[in-house]
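Letters A, B, C and D mark the chains as written, and numbering starts fresh at 1 in each.
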Amino acid sequence: MLQDSVRPFMADEGKIETQLRHWRDIGCKDGFGHDLWKQFAELGLTGILIPEEQGGSGLGQIEANVVLEEIGRNLTPSPFLTTAVAAVRAMEGTAHADKWFPGIVAGETVAALAIDEGKHHDPAAVALEAKRSGNGFSLSGKKQFVVHAASADVILVAARTGGSKGETEGLTLFAISKGAKGLEIDNLAMADSSKAARLQFDNVEVDADAVVGEVDGGWDVLKRTLAAGSSGAASELTGVAAGAFGMTNDYLKERKQFGTEIGRFQALQHRAAHLYGEIEIARAATLKAAQLLDEGSPQADLFVSVAKAKSGAVSRLAVQEAIQMHGGIGMTDEHDIGFYMKRQAVVDELFGSPNYHALKVAGR
Amino acid sequence: MLQDSVRPFMADEGKIETQLRHWRDIGCKDGFGHDLWKQFAELGLTGILIPEEQGGSGLGQIEANVVLEEIGRNLTPSPFLTTAVAAVRAMEGTAHADKWFPGIVAGETVAALAIDEGKHHDPAAVALEAKRSGNGFSLSGKKQFVVHAASADVILVAARTGGSKGETEGLTLFAISKGAKGLEIDNLAMADSSKAARLQFDNVEVDADAVVGEVDGGWDVLKRTLAAGSSGAASELTGVAAGAFGMTNDYLKERKQFGTEIGRFQALQHRAAHLYGEIEIARAATLKAAQLLDEGSPQADLFVSVAKAKSGAVSRLAVQEAIQMHGGIGMTDEHDIGFYMKRQAVVDELFGSPNYHALKVAGR
Amino acid sequence: MADLESFARDVRQWLEDNVPASMREPMTSEKDVCWGGRDFVFQSDDQKAWLEAAASRGWTVPDWPKEYGGGGLSPEESKILRAEMKKMNVRTPLTSFGISMLGPALLKFGTEEQKKRFLPEIARGEIRWCQGYSEPGAGSDLAGLQTKAEDKGDHYLVNGQKVWTSYADEADWIFCLVRTSKESKHGGISFLLFDMASEGVTTKPIKLISGYSPFCETFFDDVKVPKDQLVHNENEGWTVAKYLLGHEREMISGMGLGGEAGSSLMSEAIADADAILAADLARFDVDALAFQAMSEHFIDKLKAGEAHPAEPSLMKYAGTELNKRRHELVMMGGGSNALEWESERSNNGQTPRDWLRTKANSIEGGTSEIQLGIVAKHILQLPGA
Amino acid sequence: MADLESFARDVRQWLEDNVPASMREPMTSEKDVCWGGRDFVFQSDDQKAWLEAAASRGWTVPDWPKEYGGGGLSPEESKILRAEMKKMNVRTPLTSFGISMLGPALLKFGTEEQKKRFLPEIARGEIRWCQGYSEPGAGSDLAGLQTKAEDKGDHYLVNGQKVWTSYADEADWIFCLVRTSKESKHGGISFLLFDMASEGVTTKPIKLISGYSPFCETFFDDVKVPKDQLVHNENEGWTVAKYLLGHEREMISGMGLGGEAGSSLMSEAIADADAILAADLARFDVDALAFQAMSEHFIDKLKAGEAHPAEPSLMKYAGTELNKRRHELVMMGGGSNALEWESERSNNGQTPRDWLRTKANSIEGGTSEIQLGIVAKHILQLPGA
């Protein structure tokens, strides 16, 4: 099984000490290591969703999520979720696949998604405008929370070619190559030391073939992209929860206070057992969402939202309990557990918060 | 202090065995005992808010709430909240005071409030219509959750003389005497064995002097009535919480499982300590609301809602923990603890649920 | 794979042919459940017909061996049957403690003779069982039981008292824990089966806060139990009991799913919910659907023999807490309507009585605290748990 | 009553006359707090002027006796002063561990000479104290401390290490728990005061997950402490420590109130909150206002000497958990804006750093678990707590 190879790989090569903490401490502008991304490629992970005939592994969301759970468990910084999952889903079946998939398979290409314009995820609330201009389009507007934008070879940008902000009609997705003129990238460190940018588009000119899918048909592309991204983020959150919990459960067995292991205190035992159960439930919900996506089920969107909402809530509880149960040591930068809380907050918001997804579930 | 006399009185005379359980078991149509109501009068409790010159004790909300906390603690069934608190506040300063206060002071009169028409408390959503008719009015419409209606000598009815459902203008409060023609009372047992009725008004004719306060000025009267009622209900809920908690804390010390008192289990200790703290907070919030009401502070309404919302949430937690910590025995009708859960549910809804009041707080 | 596909087609066809239309309607109350047993009164001819049809193919207990009245299905086939029944909204033909609790224990610990004697009757819904575990004052400490069985040569003489015996007044037989030795707490317990019609057995319903009496106190006064009704070895009944408890917990965890009755209740609560209740309902939806996913996953693992032995405790805990929350929300949504206790309008207070009933969910079959302790010990391996 | 009314008038007038306008503006950040001490850099002349004015009347510590620099106010008068200051939005003139922790302990356990020597300096804001309690690895088990003080005739020789010493690098003096005997765990602890400028004292800031370093590791290498700086009897320091912990908890519980900075953060979170967040905020409002009522009530009881000795634990628990919740809500309301860590726009990540900082609230000064245990033992009197 895939997990048997990915789990030790991520635990060895993707661990906090040599990846997250290292890149943070040296102030790396990417927030991740390109060498590791190459290693992902060697294991066939970067092309996990890419069809075999295009050089990939031709696997599905279930397998991508196996990777993401291990990424979450080890807090491994990489462009896997944005590039190998979301961007691949966006480009599949379009002319952009031919152009970008080889680089992704090779671990040489990084892609980013520029969708949100406000502080909360709201993919229909696009105001960034793409006006017809000559043979192509001219883009003006702004984006925020564009993960890996400054490291990206290509940025997929949701723009408005018709309709108005809040409508799902009239959206078009564009693939903008690195270094486009008129595009300003303000590369920002997030709380978890990952990098996300605010983008300013001032009449960025692109050819007509920059369109991904159909003009005014961006919502269809976005839907499959966001479903894959949300499902993947749910797995990453489950991994974050499991990683934080594992470290905490170990600590409960080792740490002594008042002459006994703190794991012997019943109040902590019950909280730990409750949390363990919640993580199992989040994992099952996340697995079901991936299965439904791979089957193309009409229920997939519902369960993707269930998965993202549940894994978000559960992982938040997990990191809170982790910090509290670690006590003072967990508050120090020297200890790794704090990184879980920071990463949780970022992935929690990515592709929509638990509240966003719970409201989607309730509105079904 | 008032508490020094009320606490033993309620614990002795108002206890579950001889009051609540007794009246329930014999299927009493009132759901409370008139003899006890007389005893309340002998202690000066029925006239607690009635001015001394009208034969009462001339005390305030703080003192009324001392009584209500003990009522809550012992689940003592009585018309104290509706009659001695809410109805007295409604009638004070009106001509109805002269008519009804002597009977209330004497413990001979019971009053009820007919306000809600739907399943949730919503005092502006009155549709019941009072049409001008001859020298007076003719009332048609329906009410529900009218506590003690079937036992009441007088029912205070919120009716619409102008405006439309949902508006605070155009409301008028009427005092309807027992046995009014065209008034049908469907006396219903609630979950806690108290009685509340659904009322049907079919052209119930009343004189002009049945108006409490001013025609179209019912909202002002209702506001002070509901503030007093909500504040009082908050104290009763605090008492319910304290009563359930006290019984539970005692049980934790007595009950043995696996060869030791269950109160020795740390998980239960922490939950009990948390709950104790919450009850103290609810009590402080409730006291503050009563103080502000007595001072006539503009902040009173805000804190009344804080008190009702907080005491509702806390008492709900208290009865849930009480049942769970009592285990199987708490599920039996034979044990008293289940009565606390039933009473909590009823008072929780009375004068507005915690959600209703929390939304008022948030909307300030 | 091809075989499974043809199996699925066969299942669909057979269900089409054999399930009466009224047995494809969602159940609306507890009363629609078919419990079987000597004195069971069928709600309808359809209910009876469907039980008989299912039993004839062994599909009341699809994964039991055919020789004991089961369907002999593999885990994959069982899963398909469950899925097809769910798709067609087919009601469970038979629900009983015999199926969910005693059967698995007999399959594992019973003698060949015991299996042949009891299992087919269970599968056909001809016998209704109750469980004699809890005793007065023992509560969560099940192993502290006092009911004693003395060895009288060819039989045991049972004396003592049980409590919380579900439906003891409607049951035909009981599976019962008794003390056969005082030498050790867990090591002196035996597992007996006997007829509730035996001389010396009396039952007394316990009135609950909901006003219902689903449980009894059960008294044994010199009850004679033939020795061939001992399951597993004498003094090793605790092993059977623990195994069976896991199955009880599986069954109880199903409450978390709420069933059809649960969801119609919820839709009433949702109607004109206030803004806070609406938020709570949204979160509940997420948790309920996530738990549904977990239940499916758990049953798959269980049937494949891959579930951790302590996992039923987790499911029992999560499922019952979820069910309690569901009914709290229903009460909040119901406002003062949901407080009426005796009116016709309220169907005699069904909503508040059901709500109060759920409070026992996290107590019966092992409290939530017991389940959490089991998880802490057996899965998390925390010291002293 | 008449006296109190005239006192209130006098207070209002004096505040009108003596509090600079800028000291009646809400504080906007931690930096507006006046901590005092040898090296304190005032944020403004107004800050300095207000400290001096308050100190001149003893109102930095209104309820301390006048002879030690206090205001000598009765509990009723103190309450009036607090209320009037609140009404006029007057900032607290001086905040320090000397006032909130050491002072009360010295008033209770110090010698007359110690009171005269230390209290007036504290009241005037001329000395800043830090607390040497926690040691590496000891965590919640405070009494398990190892730092030792040997009796050398006229002085103690202190060797060891403390951790979580708040602002040790900015403090002038330390109040410190040391081990003077190994005979019993709690009975061998003494309470010493000494200058942080003493030879052999070094401090090393600890970097936290927020990126800030409000705490230090503090090392003692043959530090000489004159014997007249021992508070209370040798080996009876634990009594002083426990008394002082209560005061620390009172102070920390104040966090629950959030202060002005808290409420401006909240209003940003409320702006365009989603429906679930709005519901959470409504519930938070209720809890925060109820806690405010509780805090007022608690302070009244405390000043009147009517608070249960374990009540500070309750307040510390409730206040810190509330504050953590406040910051979780602020983060949710802030969305991706609140995740920025270094940008100017985000004031260098103030929102997420403050949020992370609050996670220590329920750990420092005794964890939430410790507080709940204290309540269970001393108020609920549960066995074995």
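The rule is short, and it goes like this: a contact is a pair of C-beta atoms (placed from the backbone, for glycine too) under 8 Å apart; a residue touches a chain by one contact, two chains touch by 3 or more.
Molecules present, by chain and UniProt name: A, B = Acyl-CoA dehydrogenase; C, D = Acyl-CoA dehydrogenase family protein.
Small disclaimer: the values here were computed from a predicted structure and weren't measured.
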Chains touching both subunit B (Acyl-CoA dehydrogenase) and subunit D: A, C
Counterpart interface for B-D, drawn from B-C, A-D or A-C and sharing over half of its contact pairs: A-C
Approximate Å spacing (C-alpha centroids) for the pair subunit A (Acyl-CoA dehydrogenase), subunit C: 42
Euclidean distance of C-alpha centroids - subunit C vs subunit D, Å: 55
Residues of subunit C whose C-beta touches two or more other chains: 275-276, 278, 282-283, 369, 372
Numbers and ranges of subunit A (Acyl-CoA dehydrogenase) residues touching at least 2 other chains: 265-270, 358-359
Chain-level touch network, classified as line, ring, star, complete or other: complete
Touch list for subunit B (Acyl-CoA dehydrogenase) against partner subunit A (Acyl-CoA dehydrogenase), complex: 265-267, 269-270
Touch list for subunit C against partner subunit D, complex: 275-276, 278-280, 282-283
Of all residues in subunit A (Acyl-CoA dehydrogenase), those that touch subunit C in their complex: 249, 252-253, 261, 263-264, 266, 268-270, 272-274, 276-278, 280-282, 284-285, 287-288, 302-303, 305-307, 309-310, 313, 354, 357-359, 361-362
Residues on subunit B (Acyl-CoA dehydrogenase) engaged by subunit C in the complex (per definition of touch): 116, 118-121, 144-145, 186, 188-193, 196, 255, 257-258, 265, 267-268, 320, 323-324, 327-328, 330-334, 338, 341-342, 345-346, 349, 353, 355-356, 358-359
Residue numbers on subunit D that touch subunit A (Acyl-CoA dehydrogenase), as the complex places them: 134, 139-141, 144, 163-164, 206-209, 211, 272, 274-277, 328, 331-332, 334-343, 349, 352, 356, 359-360, 362-364, 367-369, 372
